[in-house]
Amino acid sequence: MGSTWGNQLKISIYGESHGKAIGVVIDGFPAGFRPDMNFISREMKRRAPGTSKLTTSRKEEDLPELLSGFYDGITTGAPICITIYNQDMHSKDYEGLRTVPRPGHSDYTGQLRYRGYNDIRGGGHFSGRLTAPLVFAGALCKDFLKQSRKITIGSHLYQVGSIADLPFDPTSVKAAQLEKLQGETVPLLDETLLPQIIEQVDSARMELDSLGGIVECAIIGAGEGIGSPMFQNVESRIASLLYGVPAVKGIEFGLGFDFAGKKGSEVNDCFMLQEDQKIGTKTNYNGGILGGITTGMPILFKTVFKPTPSISRKQDTLNIKTGLEENLEIHGRHDPCIALRAPVVVEAAAAVAMMDLYLEAYGYDAG
Amino acid sequence: MGSTWGNQLKISIYGESHGKAIGVVIDGFPAGFRPDMNFISREMKRRAPGTSKLTTSRKEEDLPELLSGFYDGITTGAPICITIYNQDMHSKDYEGLRTVPRPGHSDYTGQLRYRGYNDIRGGGHFSGRLTAPLVFAGALCKDFLKQSRKITIGSHLYQVGSIADLPFDPTSVKAAQLEKLQGETVPLLDETLLPQIIEQVDSARMELDSLGGIVECAIIGAGEGIGSPMFQNVESRIASLLYGVPAVKGIEFGLGFDFAGKKGSEVNDCFMLQEDQKIGTKTNYNGGILGGITTGMPILFKTVFKPTPSISRKQDTLNIKTGLEENLEIHGRHDPCIALRAPVVVEAAAAVAMMDLYLEAYGYDAG
Amino acid sequence: MGSTWGNQLKISIYGESHGKAIGVVIDGFPAGFRPDMNFISREMKRRAPGTSKLTTSRKEEDLPELLSGFYDGITTGAPICITIYNQDMHSKDYEGLRTVPRPGHSDYTGQLRYRGYNDIRGGGHFSGRLTAPLVFAGALCKDFLKQSRKITIGSHLYQVGSIADLPFDPTSVKAAQLEKLQGETVPLLDETLLPQIIEQVDSARMELDSLGGIVECAIIGAGEGIGSPMFQNVESRIASLLYGVPAVKGIEFGLGFDFAGKKGSEVNDCFMLQEDQKIGTKTNYNGGILGGITTGMPILFKTVFKPTPSISRKQDTLNIKTGLEENLEIHGRHDPCIALRAPVVVEAAAAVAMMDLYLEAYGYDAG
Amino acid sequence: MGSTWGNQLKISIYGESHGKAIGVVIDGFPAGFRPDMNFISREMKRRAPGTSKLTTSRKEEDLPELLSGFYDGITTGAPICITIYNQDMHSKDYEGLRTVPRPGHSDYTGQLRYRGYNDIRGGGHFSGRLTAPLVFAGALCKDFLKQSRKITIGSHLYQVGSIADLPFDPTSVKAAQLEKLQGETVPLLDETLLPQIIEQVDSARMELDSLGGIVECAIIGAGEGIGSPMFQNVESRIASLLYGVPAVKGIEFGLGFDFAGKKGSEVNDCFMLQEDQKIGTKTNYNGGILGGITTGMPILFKTVFKPTPSISRKQDTLNIKTGLEENLEIHGRHDPCIALRAPVVVEAAAAVAMMDLYLEAYGYDAG
């Protein structure tokens, strides 16, 4: 039951990294929507591996086969199912991980949970590869939110290893800016950082090591008054979905952890009339959410991705059968910095969560 | 539907800050458990206002009346309902907030969401007061987890304003340590910080201002193999509940946002045999969770609380009827630092989330 | 988790027959609705015991105390909680049922499920008394559906023991007719049957026995296009809630079980234009639902209630401790025909289910 | 959200009758189970069309392709996804149904619900063909329940048109009997009725008409104490799933609607010690369920299927564009009596519902 999420829009993700296929069933998507399949393909490619030396060398086209829910390219209202067949698998790389689990990875806990029956190859159902169907679902929702409500979702790499990008301006994120970021391999607000980042990632790869990173995501045009107090608030919904993405270890909204050192008088967002005569706030420390409900200002949140735990460098671990410590060298193909492929995944989670909130607010046609 | 949470254990929280009563229905709690009512009272008191000059002067005894689910002090398996009647209400303080909403508060968004019909007095259903029934549910679960599974949950103030406490030692948190912290008004690992913290909070109060803070929570004895990949993982479950607590703006597990600047080789937790011959990890950067599933090491997470938005200092805001900016002085009674009362709330959320996960894992008796 | 129901509108029912109180939390009810409290009181009274010699002599006023979710008599959008304190309890009547369980009752299975810790007095949480909070929730929803969508829900006793009433005319049920039925103690389409029914029930009572019955319910004005295929269809939603009512053992929609002996050509409801130029069907064998979705014709379904299992007549049962058969004489106060008090309960379940479907269809204001 | 069902075991059914494929994702199935794929194939064949002249002439092998959740033939604990590609489609048969909807079918309501965007060919997502993935899920659960808990589920045609079979003996249904019934094309307790039934069905087919029917299902070995009061009771769970099956219009447990005419003294099931010294009841009018919880006696319920609404005989209907009545002749291929293929579907729904209840009771390994 762990891989199904949602209230009015339910996604049910299936598949294993080296199994036959991965995919998703999306139940509750409104009828009558013609998605821009080129946009969806571009989103899938943003996440796909093998596109540059910055990512794993595993090559997957990640072409989703549409099995249901569409007729003549338009959604029918019936559940949408897609399948992505796995292609470039080197499963021999994963033998032995049951007895000598990789540090920082799900090998050990996955076995405990499934009594040794989990498909451990490539991480099985725990693999980052399972974000591909999430990106499909997210792209569909993003396109719907864009076309029907003029909502735009975009993100950038707020931090890669030790290098920090500029933050979004919390009160004036623009749709064009977010769409430009969507088109970039390494989305940055300060593009001059790109060479440094490439160098740092490459250097980590050469050292058989990996880097962490932070993605900052913005949702604009989301409108005001969406969400509920307590457990269906916007933060709760986004976080509950986003923590399902492998390697995510923290999520913060608006000023997030920096609120701790601030005084109320410094960070209370004062209300004001905006140029368009709509009510807004002068500052946006709360990231567009008050009381769990959207204010109409940009929704802003950051998500941290830990360094890829699969590194090729020799590591200590335990042989859980012998009880002896062993050295482990992992020979699979891995991303030196998983965060680099994460922006589109974060955006997808945001899009699916917002879509569910809109269907709750406006009904099953999101009318 | 926003105030109901859970799968096998469902909590449904009701009430408004200045309404007749607040409370919770807890559905799915195992039969045959005799809770330590003294422990539950102590937990309620940890959260209750009016206990020191560090908190709001509103005085509420917060005595829960047990309406159902108990027979001779033992749980019957039927839903547990408690009611806490509100007592010390000064509702006149809240007139006018509909047209002149408080910055940083839910006044504005609550009205949008409920088309002006929400009970705005004291924040209504958005009030931090609604954490009282959550603390009751949490205390019950905490007691059950302690008695039946030797699980201990505790927390301390990792940061108050600009003052930082020591962190938990991620590999060796002890039950006695957590229980000691539960007994303290201002739980700190470095107790010498207490005078500074009191001074800083008092100073904020005198300046009619407020402070933020961070709570670090630990769960020990949770056992290994609990949780699921993707959306029912431990992080997702805890976060989805905890974001329901007012003023929470960020949650991170283990090293959290500090993972961004680390290399995989620095933060991969190597497996080892512990003294008791159980499998553990040498370090615990992942906060006791890998692949969304418990490793058996201490579960560790931090939660940031923004400064109380209700401050008495004069603030700018908007009169949403006239469209003109106005000064606002709030005369209610407020906590200068809501984080000070938050540890027991964070622990409660952790306890309820873990209880739900245990019922999923072991069945409805958590046998 | 068994006593919580709903998607967008969630009800969480609590309490035990001889405990302190019973009640319900209703989460997700739209803000801004002023219920007709007289109507709700009348509905509560329709269900309440002690109103005539046809029902149990237990006297309960069933006055719900509103704890939350209302301000000046208008819903705030926050969860609505009501409490009904139990008053007229004779708990000594129930001693001994743990070892000598009543046939046809939940005494035995309740003990198994809760390992002997269930509150067995008066059936505890299994009691028909728990339908009182359901009737409250139903009355609120019924009133909302009436005021905002002109939907009317009513029912009559289709069968009591061996006496059968006339059925509704499936194509022309009228609001006035349903409202008239709501006002009657024993709602019948053929009122001339009343003396016979009274005599039969009285005779069963005198014989220390009980009778079964069938309630036929109609929902009109429900509009067309509500519901979904598969598991959220109208039949599924109503049935999943209604089977939660004690003593219900069967539910059928439209022609129901009589479909078995019919040919398609006899029971296919042909489409036609109605007088008001809206599309309808000439016949309505399908009870207003095709493919799980409303057609706009009256929704019709029947619910069977088994004879009250608690009868005062001497019965055989087993002493589960000694393993010996024993005679059992039950001395509590019981309804000779629980079906007589069931119409308002059936209507309540229908109202809550329809309300949830409307919130799904139109969003959380059911706009 | 209508096609997803379950708590601990979630099924998410996708596909349309004449779309590319149909299938299901099963989330929460325990790891470590090796299903008998021959058994599953046999179950799929029991439902498959084209196997005899008694059913539609559409030929579908219904071979499920396993996309995930298995490794070396053993479940991994990850979601199980299967796909069945549609093969023998004659989609031209369905043109025109948007304007001239078939009586008794979902053509009209489906269009309302999905604003005309539903895939109307073959009924789309409303088609009885969608029971194929349910049968797969059911077969898997049935096999698990058999292997791990010795639970057997079987059914027979209690009624076909005007011909009634014998009922199960409520107190002594046997596993061998149920397994024998599973092996028969037309499962009957009184096999001498077969020629009559064939003749009657054939005669309906020749008359371009269709017949209704009733399936009686039994679950034995289910153990005692499973289920919960109120909305998670066994009846509620089974009914909520089973009403998702097209053409189902009524479900009753035990004596069902016949309870109405009975007295309590006639139908109270007295407790007794059985031969194996386990507690049982002398009679089993309640169909193995008291208070919503299993007694340990056979669980018995009946499900009525209306006559296939798609009949080839000329029918009146409405052209919803012109507003004029028209004659309609349907030329597709249809079952003269859908109930004949229903037993395995009813058993599947029972198996999935029971499996979910067991996972709730015993935890996610159903240990």
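Things worth noting here:
Order of writing sets the chain letters: A, B, C and D. Residues in each chain are counted from 1.
Note that a residue touches a chain if its C-beta (ideal position, glycine included) is under 8 Å from a C-beta of that chain, and two chains touch if they have at least 3 such contacts.
Note that this is a predicted model, so its numbers are computed, not measured.
Ranked by distance of CA centroids from subunit D, the top chain is B. Centres computed as Cα averages put subunit B at a distance of 45 Å from subunit D.
If you average the CA atoms of subunit B and of subunit C, the two centres end up 39 Å from each other.
The set of subunit D residues touching two or more other chains comprises 1-4, 7-8, 13, 78, 113, 125, 228-229, 360, 364.
Contact topology of the protein chains: fully connected, every pair of chains touching.
On the subunit C side of its complex with subunit D, the touching residues are 1-5, 7, 13, 101-106, 108-110, 112-113, 125-126, 130, 159-162, 204, 207, 209-214, 224-233, 235-237, 239-241, 243-244, 246, 248-257, 259-273, 277, 279, 281-282, 285-287, 289-295, 302, 304-311, 313, 315-318, 320, 323, 325, 339, 360. If you check the complex, the residues on subunit B that touch subunit D are 7-8, 78, 228-229, 360-364, 367. Of all residues in subunit A, only 1-4, 6-10, 12-16, 19-23, 25, 27-28, 31-32, 65-71, 74-81, 83, 113-119, 124-125, 364-365 touch subunit D in the complex they form.
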